[in-house]
Structure formats: structure tokens, C-alpha cells
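As written, the chain order gives the labels A, B and C, with residue 1 at the start of each chain.
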Amino acid sequence: MLASVAPASSDNCLTRNDWICGKYYSSRAGDLTDALVQHVGIVVVSVLLGLAVAVPLALLARRYRKLEGVIVGTTTALYTIPSLALFSLLVPVTGLGVTTVVIGLGLYSLTILVRNILEGLRAVPADVRESALGMGYAARRMLWRVEVPLALPAIMAGLRVATVSTVALTTVGAILDYGGLGDLLVDGTRTNFKAQVLATSVLCVLLAVVLDLLLVGLQRLLTPWTRTEAAR
Amino acid sequence: MHTSLVRRTLVALVAIPLMFTAACGGGGGKVVIVGQKFTEADIMTQLYKAVLDNAGYDTSVKNLGARDIYLSPLMKGDVTISADYLSSMTEALNRKANGDSAPKVASADEQATLTQLNKLAKKDGLTALEPAKAEDANAFAVTQKFAQDNHLTTLSDLGASGLSVKLGGNSDCPQRADCQKGLEDTYGIKVSGFEPTGFGSQATKDDLVHGVTQIGSVGTTDATLDKLGLVILADDKHLQNAENLVPIVNSDWLKDNAKAKKALDKLSAVLTTADLTAMIGKVDLDRQKAADVAKAYLKDKGLI
Amino acid sequence: MTHDVIAWFRDPDHWRGAGGVPTLLGQHALLTLVSMVLATAVGLPLALWLGHRRRGGTFAVNLTNVGRAIPIVALLSVLSLGLFGTAELGPFGRSGLATLVTLALFALPPIVTNTYTGMTEVDADVVEAARGMGMGELELLRRVELPLAMPLIVSGIRLAVVQVWATATIAALVAGPGLGRIIVHGYESFQTAEVVAGSLIVAVVALFLELTLALVQKLMDPLPAGSR
């Protein structure tokens, strides 16, 4: 019966299901580019959203020590919610669009971001803080002029991890058809489409490398005082 | 290639904020077609899209990870049409109305199930259009060799053979009346063990090929079976629910869009299980794109 | 909904036998433990050595970090359908090897990153002073660098444990063992309460691990909070 479905003439790397297949890249170049572009957009917006939520949470946790356990605990618990369940909960409120995916991914990134910001702030030596106080720095000014700059390496390290992790996690957005490369990857794994699985996985890694390098560059710009140390 | 990449990236940077605004706005005269995220649903949504585009509508398609995600948007009208299955949709609405453990109302009887579906759908502001002849019911596959060696063509044959078989399927299969329980009770098949590898998944089919299991739960439109040397045993005692492909439409929208109903009904009248299986083969084996396959089919049948 | 979830927890059938919570919890813990042991056995010595030499580590850190970009479900699916196969592996069940390797790879980045960072953050003057006192390299590592780097190392292991625990549910996607089975069964049979119950168990234990390990981390700190 299937002979009529798959004509004998169609023996190529696509029908043979090769891992690497030129015909795949040529026939899907547009799809891959669109998916990649959507992927970048979702990762960037999600991580920025995560950061915008994580900074005040980390500051709250540091200010009120009693809240620390609650905040770190909640962000950990968020990470354990299965993505399909999380999206199903969000859809009635935020709809079927990309907003839901971004909110979900932003929530998932909190686990890593809140911890790293907290640890960064905690690593600021007590004597530095005290001398700043002694110099008459008000709390807010001390935060932005002394503590945040000193915590920046740890915060940036957290941002890098969160960004790279979000590149992988974005694929769960495929549930809402906004998974970037994940839409193709999920189809590929389900239908055992090797060329597609490999191409999209490699693109995810390349994207992560590029975003990671950009963040390293940003970190050097923001913390010029660490450069001599980093260069050794 | 490079310039196009740069252009696309620039377009995307502009488009990202637009994605958000678009997601918030309602669909003014636009038709949103949804289906789940597997090849068959992909093809069905593309078929619906093509016939509606041809009828002059401005359509877009979304393939979502689960039915539960689009159920409430479909009722609200944020989504216009879903590419659905007769019994599965009936039970989804039944669970929604009567709780997760509500007694089942869908059956192997297509007409009776359609009546149940429309009764439930009406309360939710939904309408089931004409179901297609094409059906993707649950079925059970064995290897061609196993079938030949033991002279099996139906599930009753397997029951009568007295053979012990290991089964692969969804993790809830052992308790289900249309799965392991039904195989045992209705057909008298001896099930010696179970692997929770999923319905029609690659792992379920691989297990059959490698002899880990002897019988596996698959869909009747699975185009890869033949190539893998697998064959479906007929469900001669009608254990399985009727799972005809059926468009579910938001009722408010339907009132003013008889034209759309006509176009979709015409497709349902033509589409057969063999047609659908052939199209799935073109996507899953020949690796053509679902949209291209759908359009080629509709042109061939003179529907667009 | 809440009522259904409570009813699920109160059903004695969910607490006994091969599919009961205690059994699945044990399988889940074993998966987490063994993949953590694998990741630590590979990542810790490597990062300690690189950190002790104080170079070459950035590359290792970046490499493991970028590895996080590979979607874990895709990796598991490829490993189990291809390279490692779906064979049963003792208590790790079907596709056991693929599951363990996937989880171990997932645990590697925080272990390697934190260990290497912890080692390089040990004051270079302290290390030199210890060398001046005639300490051998191994003794230096064991008595000076390791204790000082310990809080960050434990912090990395803590993050890895919590993430691996939360992620080990993917084993059920390839018909493996663990608490993921409850969630997958809930999805496949459309029992929302069961999905919620399964997720709750995973979350509560994750919190327990998080808090316990935070305590361990505090105890491991050679410099009490006030003295920093």
C-alpha cells in the first residue's frame, strides 16, 4: 500500500533519514532562520523579564533575612512545575500568544538569577560596606555605587547561566507553537527526523555560544577593574 | 543568504514588540485554526487553512501541545476552528462539564458519538461540523512476520491463538477498557507484560521491531508501519471509539459564516483514511512540508 | 480541584506496590543520586585540578556551560533511540543508561563552574604562604584550597542536586522509573489532579533538598558569616 505513497524516485538523504542532509538545509533554510530569529527574541525578552523580577526579589531577600528562605524556596518550587502544567495555568490569563511563553520562561529563569544575585551581594566584604557607611553613603547610594558593582561579576555569571539555560528551555514553548527552534526540534524528535534534530540542536548551541560571548563582552565593559585579573 | 539573515534579524527586532501586541488583540475577521502538535494535526490544520483561504478568509494556524490549551480560547472565540477527533473531543468536553472521572459517553458508533458531542458542545458555544470519512482510531499493531507465522489478521485471531504477548502503549493503557483491559476481557488476549512507551511513539514501534514487545498501540493512519514491517490487527469487535476527523467551530462565528461551513463540509465528504495516511507518509517518510502536501491534495481533488 | 488532589493523596492504592509513591520516590532518589555521583566523579576532580593550576579552567567552564543549551528532552530522546539504546539497566529501568548520562551532563555545569571559581578565588597570597611553609601541592589542595573553596563547591552541588531532582521526571518520557511516571500517567489519562499531585511531591522534596543543603553549605563555611 505504501509503495504508492513513497515513489521509488524519492531516494535522497531526506527519505534515507540521514543525520546530515544538504537537501534538508536547502529546503528548510527559511524555516530555520525564522525559528532562530523567534528563538533569539524569546530568549532575550524572557531573560530580561526574569532579571527585572529577580533583582527586587534578591534585594528583598537580603534586606529581610526571614524572607530569604521563602523567596529562594518559591523560585526553586517554580522550577519543578512541569512546563505543560505551567502554560495551561497561564493561558486562561495571558492567552495563546508569545506572552505566555515569555512569562513562563522568565519564571523558570528566576531559580538561577535570584541565587546568583543573592550570592553576589553576599560576597561583598563587610568591611567594604562598613567603610562606605562610614563615608556617609546612604543605603540606596551604597547599593548602586558600592554593592552592585562589586556583585556584578557574580550577577553576570548568573545571567550567563540563565541565558544559556533559557536557550534550551525555550523549546518547551513549542507547546504554544512559540518555541523558536523548539517547534522544529519537537517535530523532529517525534517523527524521528534526524537531520532536523541535529540541525536545530546545533543551532541552539551556536546561539548559546554567541549570546554567552556577548554577555562576556558586556561584563568586561561593565567591570573594567576585573580585566587585568581575567587576562592572566 | 547573509544579507537576508541580517534583514530577517532587523525585521525580528521590530517584530518582537509586535508579537506581543498581536497576541493581545482580538481577531477582527481573522480565522485562527488550531490543532495539536503531531503530523496528522499539522496536515489537517493546513487542509482547513487552504480551503478557507480559497474561500476568501484570512487564516492563521497554531499547532499546540495539548487540547486542554485551546479549549477555553475556542469557547471564547480567540480561536475559531480546531482540527479535532470525534470521540477524543467528546470526552474532553465531557470531562470539562462533568469532572475528570465522568463516565465515558463516546463510543464506536459514529452517529451516536456525534450526537453526544453536539449536545456537550452546544453548552460551550461550540459546534461540530460534518465529520470526515477519514478516521484515526486507536489500533494495535504486530510485526508482519508475527502475523504470518501465527495466521493473525484480527484481534480475535490473536485471542484464539492463546499466545502470550507483551504490550506497549500509553501509561494508562493497563486500566483502560479500550486498551489492555479490553484486549484481555473482550478478545481474551493473554497480556504478559506492559511497556509505557506511549501511543504510536517511535519507541513503541521500535520495541515491536526489536521483539521487546509483540503488540503495540498505534493509530490507524500511521504511515510508517509498512516500512517498519508492522501490520494492524483488525478491531473486529469494535472496542475502539470512532475517531473521525472533525472541525470544531466557535458557534457565534459560525452564524455569519455559512460559506466556511460549506467549504469544510466539502473537504470532509472527500477525505478518506487512506488519503490521510498517504499524506502523513509524504511528511513523515518523504519529509515534505505539511502545507505543500495539503495544497497538492486539495488541488488534486479539485477543492481549491 | 484541591479536593481531587487531596483525594489522590488519600487513596491507599497510590502508596503501595510497584507504582506507589514510596517505590517511585526511591527510584527517583536513586536516579538523582547516581547521576550526581557520576557528574561529581567527573566534574569535581577536573575542576579542582584546573583550579589548582589556575588556568585552562575558563575553557572547561564555558564548554560545560554552553552544553546547557542543548534541550534536555531532545538529548534524552536521541541518546535513548540511538547511541545508548532503550535496554533495561537495573533499578534505572528502561533507557537507564541514556537517562543517567543525560542527567549527569545536566548536573555538570554548576559543579564545574562553582568548583573552578571557588578554587581561583582562594587568595593567591594565602596559597603562596602555604607553599612557603613547605606544603606539598596535594597537601596545599587538601588543607588550604579545598576548605576555602568549599562553600562555593557545595553551592554548586546544591543547585545541581535540586535541578537534577526536578528534571529526573523526564525518565518517564522514555518509559523509565521515578516520580515522572505519576505526571505522565496523569497527562495521558487526563487526570489533572494526578498531574498536580505528582508535581507537588517533586516540588516538596526539591524544597527539602534545597533547605537541607543550604544548611550543609552554612556548616561547611570555614569563615563564619561575621568574619567576612
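Observations on the model:
Please note the rule applied: a residue touches a chain if its C-beta (ideal position, glycine included) is under 8 Å from a C-beta of that chain, and two chains touch if they have at least 3 such contacts.
Since the model is a prediction, treat every value here as computed from it, not as a measurement.
Under the touch definition stated at the top, chain A and chain C share these contacting partners: B.
For chain pairs B-C and A-B, the one joined by more C-beta pairs in contact is A-B. For chain C, the chain whose average C-alpha position is most distant is B.
Every chain gets a centre from its CA atoms, and the centre nearest the mean of all protein CA atoms is that of A.
We define each chain's centre as the mean of its Cα atoms; on that basis chain A and chain C are separated by 19 Å. One simple way to say how far apart two chains are is to compare their mean CA positions; for chain B and chain C this gives 38 Å. Centroids built from CA atoms put chain B at 33 Å from chain A. Counting only residues that touch two or more partner chains, chain C has 81, 187.
Among all residues of chain B, those that touch two or more other chains are 66, 202. In chain A, the positions touching at least two other chains are 84, 192.
Across the interface of their complex, chain C is touched by residues 66, 91-92, 95, 99-101, 170-172, 175-176, 195-199, 202-203, 206-207, 212 of chain B. Contact residues of chain B toward chain A in the complex are 1, 4-5, 8-9, 11-13, 15-16, 19-20, 22-24, 34, 37-39, 42, 62-66, 68-70, 72-73, 78-79, 201-202, 223, 226-227, 274, 277-278, 281-287, 289.
The residues of chain A lying in touch with chain C in their complex are 69, 72-73, 76-77, 79-82, 84-85, 111-112, 115, 119, 125-126, 157, 160-161, 164-165, 167-169, 171, 182, 185, 188-189, 192, 197, 200-201, 204-205, 207-209, 212, 232.
Interface residues of chain A facing chain B in the complex, by the touch rule stated above, are 1-2, 4-6, 10, 14-15, 17, 24, 27, 29, 33-34, 37-38, 40-41, 44-45, 84, 87-88, 91-92, 95-99, 174-177, 183, 186-187, 190-193. Taken together, the chain C residues at the contact with chain A in this complex read 55, 62, 65-75, 77-78, 81, 109-110, 113, 117, 155, 159, 162-163, 166, 169, 183, 187, 195-196, 199, 202-203, 206-207, 210-211, 214, 226, 228.
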